[in-house]
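Below is the structure I would like to discuss, written out as structure tokens.
Naming follows writing order (A, B and C), and every chain is counted from residue 1.
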Amino acid sequence: MTSPSLKALVIGLVIRTPLIPLLVLASFVPGFWSVGNLRTLAESVSIDGIVVIGMTIVMIAGGFDLAVGSVLAMGGVAAIVLLPYGLLASIVGSAVFGGLAGLLSGGFVTRLRINPFIATLAVMVIVRGATLAYTDTRPVVGLDDTFLALGGGYPLPYAFIAMIIIALLGHVLLSWRAWGRHVYAVGADERAAAMSGLAVSPIKLQCYGLSGLLAGLAGFLLAARLGTGSPIVGDATPLTAAAAALIGGASLRGGQGSIPGAMAGLLFVGSLVNLMNLLGMPSYYQRMVIGTMLIALVVIDGVLLRLRQR
Amino acid sequence: MSTSVKRRRLLGRFISPIWMVLIAVVIIAAFISDRFLSPYNMVTVLQQGVVTGIVALGMTVVLIGGQFDLSTGAIVMMAAVMALVIGPSDPASIALAIILPLMSGAFIGAVNGLVVYKARANSIVATIGMQFFLFGAVLAGVSGQHVRTDNMAAGFSGLANAKLFGIPLPVYLFVVLVVVLSVVMDRTVFGRHVYGIGGDEEASRRAGIRVVWTGTLTFVLSGMLAALSGIFIASLVGNVDPSAIGGYAFPALTAVVLGGTSLSGGMGRPSDTAAAILVIAVINNVMTILNYQYPIQLLVQGVVLAGAVAFYSLRRVELAP
Amino acid sequence: MADVPFIQLTGITKHFGGVHALKGVDLSVAAGEVVALVGHNGAGKSVLVQILSGVFPPTAGEIRVNGQMTTFGSPVDARHHGIETIYQTLALADNLDAPANFFLGRELKTTLGFLDKKRMAREAAKALIELNPNLVDVERPVRQMSGGQRQAVAIARAIHFDVRLLIMDEPTAALGPHETAQVAELIKRLRAQGIGILLISHDVRDVMQLADRIVVLKGGQIVGSVVPSESSEDEVVDMIIRGRRLPAGRAE
């Protein structure tokens, strides 16, 4: 069972993404391979990485989750607001709030049969509006030493370690457990999955719930790193997450993808952004690059579909 | 029985439920605040509605064809910035400040259309990607700064501010656009083909419809209308913070869906979108009067979108044979 | 003139990536001839239909219409030659009413260039009622119609526009016995009018009654062709299954 996943990772790294050429190129940029920068890279990919895991699972199940960015912001605010009740309340609270938002998306998709893009777009706006309203559009600040310590970690940031652990758990869940098989089956052909006796709606609901939960948790870690919970962060998060998942072999039509692949995709996107930062390019260029990349990826996704149909 | 069915159908042809909702919302608004019906406030409602409404009309046509255009918010922003950067100070530059954004909007729309219809990319993700690209590109172009023009000619600022019988010019233009688009969608071959593509793309292709051409045109139309809306914003306020005015795609989409355009395409009418735009403008206006700020308005819009989608999808399930 | 078939395919080959869907198929249909194309699912029947109706071009091979070499770049080209297709899935847009579907892709216009809805509704209604008097209310979305009514719309549309070759892909698959008999009746009528018909089916019993000639396809190749009066159902079924002619079978 290890070999296919290892293969997915290697394929993700070498074939699907020009990651190796990118890293070679990066060697010419002074400071890329420094310990400090690698730690920055690990830190910057870890928050998005936790979101990517949820997004990948939803995409394998044939859905999409545009709400992850605003759920991330809500998770961060919840983490700070709940901090006075203890660190555990803060962690559990941000995850639970995120999970509830995910279940709301999942409910729209499964119970009301709404197109997942539109359903999660609506949830995205609802969650964003609620978070902005609750905070009166201002960031909330939390100063607790243990909490702030969780946002650090040396040499490896705790958030990065958390991402690795969650990725492993997610991979085990997808590849080694029956549940994962069911997720792939639902994503590949919902009707066939239903006819072979799978409880399609609960499975999809669980995927969306998981995605929301992970986004909320990522919000907690971001808040711990920054010491603030900002209601406006995360507008690019769904795009970055989708790009990483697509590079990693996921498809907008479901049934495909893997967490190792998505992690490789994430590493590619993260390195690219990191390089642009090192080269002193303003953040709007990153938006241009991510936008272009996403268009290219969905075009490739469409072309791959046609090749498979023929 | 047959005549009553026929009468109902005839009635439904002209008055869809959303117009009833509009009337109800206006009555409720009038009860909530006596300020609502003041002429000044009505003009404000129309003015706010029209800017989003023009965007929504284009998105309606795209969605009738079965696709989404979520890049419109960025096109609005791009057009507004372009118009102000050109700096419409004399007749020649006024013309340029109108034509160049419109052409750019058409070009972006053509790219969107080809990516969606020729390359068969998912339109939601592709146009969100385009939205990001455009935001980045425009912000890079102006280095993230506010854009303003100090010597705007009266001719240009008059585009959005001049009034005829106390009503701003864009409102008239909006009405004209609704009528023209209604005729185009209902009475021309292009419109018929858009409905065909939205209903069944493969059947349309086999019936000899040029799907890529027709579909791409819907995106070109949407891009141009979004650009027009951006020109109005430039004319209205004379200065623009590029990082703050991207949020037009969402309210416009909410209106399109609230107006009953099917999310899977093939059904919908520009006039119903216009009614829905007014419903949203009234709701936002009342919330502003009652001092509920942007976050709550955003929240309400999300709920309205979800509610509208749920309502129509449940109704379709019932109507299905 | 008489011995040139209306349509003649020679060596038609189609690859999809590595999949060889058709391997050198020869087929012809003359005016007023009913040719049945039979074979299992995946034998290549649908691919051949789509090539003939201009949905996609063949990888190799020749298409002749009335002896003239031609290519179909799009469904419009095929229609131009009078080739009309009734697809198995009917290819109607569900959201439109019968007249709109009837004229989809070749709408009638007024002198000002607008849709002439009245004339389209009138002509479509006339053609539909001529074909099937049970179609009383044609101005409702096709979605609300029964399988037989939808079928009538698809057929009426196909035969209305000066058709020379009518391709029918599983025309009776979704129909009851009464409607099936109506379709058979229609085929005989069109044949008498000199229209060539290519009938795609997997129901051998059905086509034994109707066809002048039965062509068997298997694995993308023509196995053989028989005349029903000189053959039997068993022989044809045997050809479909075994992919070869019995000694008694007669080649074209």
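Here is the rule we go by: a residue touches a chain if its C-beta (ideal position, glycine included) is under 8 Å from a C-beta of that chain, and two chains touch if they have at least 3 such contacts.
Labels paired with UniProt names: A = Autoinducer 2 import system permease protein LsrD; B = ABC transporter permease; C = ATP-binding cassette domain-containing protein.
What you see is a predicted model; the values in this text were computed from it and never measured.
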Closest chain to the protein's overall Cα mean, using per-chain Cα means, please. B
Chain separated most widely from chain A, comparing mean CA positions: C
Inter-centroid spacing, chain C versus chain A (mean Cα positions, whole Å): 50
Chain B and chain C: spacing of chain centres that average the CA atoms, whole Å: 43
Mean-CA-position distance for chain B and chain A (Å): 31
Shared-interface residues of chain C (touching two or more other chains) are none
In their shared complex, at which residues does chain B touch chain C? 183, 186-189, 191-193, 195-196, 198-200, 202-209, 262, 266-267, 320-321
Going by the contact rule at the top, pick out the chain B residues touching chain A in the complex. 68, 115, 119-122, 124-126, 128-137, 139-140, 143-144, 250, 253, 257, 263-264, 293-303, 305-306, 309-310, 313-314, 317
Residues of chain A that touch chain B when the two form their complex: 64, 108, 112-115, 117-119, 121-133, 136-137, 236, 239, 242, 252, 282, 284-295, 298-299, 301-303, 305-306
Residue ranges of chain C in contact with chain B within the complex: 53, 55, 74-76, 79, 85, 87, 90-96, 100, 104-107, 109, 113-115, 117, 143-144
